[in-house]
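You will see chain A twice below: alongside chain B first, and alongside chain C after that.
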Partner chain A sequence: MNVGQQIINGLVLGHSFALVAIGWTVLLGVARLVNFAHGQMYMLGAFVTWAAIAEFGLPYMLAVPFSMVVGIMVGFLMQQVLLRLTLKQDLVSIMIVTLGFGHVLHGVAALVFGSTGQILDTPFSTKNVYYGDLWFTWQDVAIVMVAVIVFIALKTVLEKSRLGRIARMVAEDPKLALLGGIDVRKVYFGVFAFEGAAVALAGAVIGPRTPILTSMGFDEVIMTFVVVVLGGIGSVWGSYLAGISLGLFTAFFGALVSPAYTTPAAFLVLIAVLVLRPGGLAAKPGGH
Partner chain B sequence: MSPVLELADLSVRYGGNRVLDIGALSLGQGEVVGVVGANGAGKSTLVNAALGWSRGAAKVSGRIALCGRDISRMPVQKRVGEGLCLIPEGKLIFGTMTVEENLAEGEDEPGDGRRTYGVDDVYALFPRLKERRGHLGSQLSGGERQMLGIGRALRLAPLALLLDEPSIGLAPKLVVTVLETVRELCADGLSVLLVEQNVKAAIAVVDRMILLERGRIVLEGPAAEMKDNPRIAEAYLGAQKR
Partner chain C sequence: MNHAVNALVILALVVVGYFLPMAFGGGGAVYSAFVLIAIFAVMSYGLDLIVSDLGEVSLGHPVFFAAGAYATGIISVRLGLGPLPTLAASIGVAMLLAGVVGLITLKLREFVFSLVTYAVTVVGLTLAENWSFLGGSDGLTGIPLFQLDLGFAGYKAVTDKDLWPVAYVLLLAVLWLVSAFRRSTLGKAAMTVHLNPRLATMSGIDPQRTRLMVFLVSAPITASAGWLYAYQRAYISADVLSPYFLILMLTAVVIVGRGLLLAPLIGVALILVQEKFLSFGGYVDRIILGTALILTLAFLPGGIAGAFKAGFRYLRGKAASKSDTIEGGATEWR
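Let's turn to the complex of A and B:
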């Protein structure tokens, strides 16, 4: 086994996991909401980026923000449908509705984009870097950079800005936030817009690593679930660390044992962590 | 001039239970009106209903006017924006945020001539909060929480303040401090609806007092008259038994 190569693979994979999960981290941390259509929104992010390039001839650097705008619109639409359930914090119904929404997204995407796999080529994904016996692409570098930037930006906004303070007020006690004159609905819409934009960004940046299919998304939502729970629900740094750990674990487990069993193994780790540290890796009341 | 706060035919139901039925209640400018009554009489329900706010599923109907303007159709945050602020019973501050962050959200320029309170004004009123400005809300004592709750509401440039049992769990000396601060604020023109179990302390600072029983106003009058009323003595003794 080439240890250096596995570390690189693990880090790239880990940053992908973290980036895919960040929308959920905020969703769960601020709004106490779940979104089981998350994986399909990731799929849509990748396909919209692909279509923007292949069909509309946009350059990749414009296709990414385009895809994020579509992601925001999908997020808004979902929150519009869910708003009453959100305000009631009816988690079971939200789970079912979002799961259904994911299937609808899958169906629509299959109708629009077809069921065959596509390759999302970008100016970075085709450029390889060789360094001794190590290998990666510029797209891999882009994934790590985008993930780091998004996490730092999120952490900064949450801790230092008025917007972040308002989000934390709503996260702790939405009823009390109302008494502070905060329009809690707007915050919920904002959170869903962020979720939509972030997961579309993840699809646009990570999609190029593998062929994309409209049937993908289920693995992504499962991994997101593991990352968010492992990281301690709602904790930004926790998710980042959990993503990296899971990435390294997956890379080494795949190299040493078998790539076929990484998901069950990841769940075994999750179960073990939850039993030993019920709050997740970065357990801290209130999260962040 | 119309009263600052006016409630008319206000009723509240929880499921099929009607727990509040108020014919009329008004609060003039600079006035402190005390609301007393036994546990479960509907005191919290009353102040919460004025904002249309509830931790549970309260159904409110009736007319609520702030400075003559009907606000009964506005969402809670809009009523707060208009200058009606509540310091609720129980959890009244953000425990995961520092004192400073708790006070950060506020109006420095509401623009319609309302008196504003900056963070420094709040610290001047409650020096204890300034000392503890870096501490988390969850690390504060009961009295400090009440001060922070009042400070948080003041930052929103209130016209009327609804205070739900600010003395609960406080040492007698602190009760006096908090209530006297409330009195001072009224000298500045603020109007206060003060829910209190501590009738003795309340009667010293209020202008008028209302006795609630099973969701209805059963007695109402100036503080001086209420002091000698046997039913108030009864409610006051009831409060002592807690």
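Let's turn to the complex of A and C:
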């Protein structure tokens, strides 16, 4: 086994996991909401990017924001339907509704994009970098950079800006925020818009690593659960670190044991965390 | 209504139910649809106990369905045993899995519970696709016909028409089991834990033990559907763990109204009639099913039955203007 190569793989994977999970982290940390359609929204992000390049002839750098706009629209639509349940904080129903959304998104994507796999090629994904016996693509570099930028930006906005203070106030106590004159609905819409944009960005940037299929989304959602739980629900730094750790774990597990069983292995990590520190699940709200 | 009349009405319904496929023309497609409705209704009743009685949403029930199907497939193909041993094995494997999942999730509530049970399904799917013991991505083929041999008498099901009596008996048995559960101490304890956990603890009910017990009752019900499904399809692969079955169960449980005995059966019937006889192709059907689930939960929390009730109340309120209804509240989530 080439240890250096596995570390590189692990870091790239880790940043992918963290980037895919960031929308969920904010959704959960700020709005106390969950979204089981997350994996299908990731799939949609990758396919919209692919279609923008292959069908409309957009350059990759324009296809990515285009995909994010579609992601925001999907987020808005979901929140529109979920609004009553959100204000009631009926998490169990929200879960099932978002699961239904995932089912619908899969059906729509298969109708629009067909059920065959596609390759999402970008100007970066075809350029390789060789350094000694190590290998990676420029797309991998882009993933790491985008993830780092998104995390820093999010952390800054949540802690330093007025917008972040409002979001944290809603997370602490929605009713009090309402009394304080904050339009809680707008915050919920904003959070869902961020979730849609962030997961579409993840799809657009990470999608090129593997062939894309309309049936994908399962693994992404499972890894997101693990990242969010491992990092302490709603914690931004926690998610980042959890993503990296999970990426390294996955890379080495895949190389040493079996690549087919990485998802069950990650799930075992999740169970271990749940059993060992059940208190970690009750992390303070506020997205720190 | 007194008990004798009650019993007669139920008996009449049971008899009428058995001849329903004949009333719809009795063709092969009709019998297939009825057999599948019975199987998927049984599958949904397992989940119904968790959702309606315990008040949690298990997303892990496809695993119990698959456990029944795979246990049946493996034992009948590799050991050549008949339906009774495979049923026993299905129930046994499901209870074992339910014990493990139940213990892991004992202290988890609401969305963390659902999250972990969902992870169980995804892991089950990965295992079924990759583990050669379970047939891997090819699945298990050549599951023999449903053939009961009791020594003095035998029964062999070649077509879905022959399988209908079996499916119908299974459905009736499960309906009886669910209604018996709801009258039992355990069923009442589950409802107390669901509606008022503090009262439950004060009444000497152990919530964690109750949860585990309900899991152990619920899983074999869903697994017995997997058992019959294996015989009906004669082939089992990892797609018994696909999201379709999960969405189907969830929709069936909530669409008509939670906590009503016949609701999951009617829910499954509505969905399957659309898919078998009014289909617009797989992907559009998928969109219809998902949309039905979304609309029910987002706009009709009491399901179709709840909407009807609210409609009647509204009309009655209009006629009498003075409303004397103080209902609902806690019953909404039932």
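Assume the second predicted complex is superposed on the first by the 279 of 288 C-alpha atoms of A that agree within 3 Å, B and C clash if a C-alpha of one lies under 4 Å from a C-alpha of the other, contacts with A are read in each partner's own complex, and residues count from 1 in each chain.
The rule is short, and it goes like this: contacts are C-beta pairs under 8 Å (C-beta built on N, C-alpha and C of every residue); 3 or more make two chains touch, one makes a residue touch a chain.
Remember, it's a predicted structure, so these values are computed and weren't measured experimentally.
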In the superposed arrangement, which partner chain does A:A142 touch: chain B (first), chain C (second), both, or neither? neither
Exercise. Tell me which partner A:I212 touches in the superposition: chain B (first), chain C (second), both or neither.
Key: neither
Once the shared chain is lined up, is A:V191 touching chain B (first), chain C (second), both, or neither of them? neither
Comparing chain B and chain C in the superposed model, the one touching more of chain A is C
Exercise. Tell me which partner A:G102 touches in the superposition: chain B (first), chain C (second), both or neither.
Key: second
Worksheet item: Between chain B (first) and chain C (second), which does A:G181 come into contact with in this model arrangement: first, second, both, or neither?
Response: first
Which of chain B and chain C A:R162 touches, first, second, both or neither:
first
Practice problem: Would you sort A:I53 into first (chain B), second (chain C), both or neither based on which partner it touches? | Solution: neither
Item to complete: Return first, second, both or neither, reflecting whether A:L19 touches chain B, chain C, both chains, or no partner chain.
Response: neither
Chain A residues where the chain B and chain C footprints coincide none
Residue set of chain A touching chain B in the complex reads 162, 165-166, 168-169, 171-173, 175-176, 178-184, 285-286
Listed in rising order, the residues of chain C that touch chain A in the complex are 56-57, 59, 104, 107-108, 110-112, 114-116, 118-120, 122-123, 125-127, 130, 243-244, 246-247, 250-251, 254, 283-287, 289-294, 297-299, 301
Per the touch rule above, chain B residues touching chain A in the complex are 51, 53, 55, 75-77, 80-81, 85-86, 88, 91-97, 101, 104-105, 152-153, 156
Seen from chain A, its contact residues with chain C in the complex are 34, 36, 81-82, 84-85, 91-93, 95-97, 99-104, 106-108, 110-111, 218-219, 221-222, 225, 229, 260-261, 263-264, 267, 270-271, 274-275, 278, 281
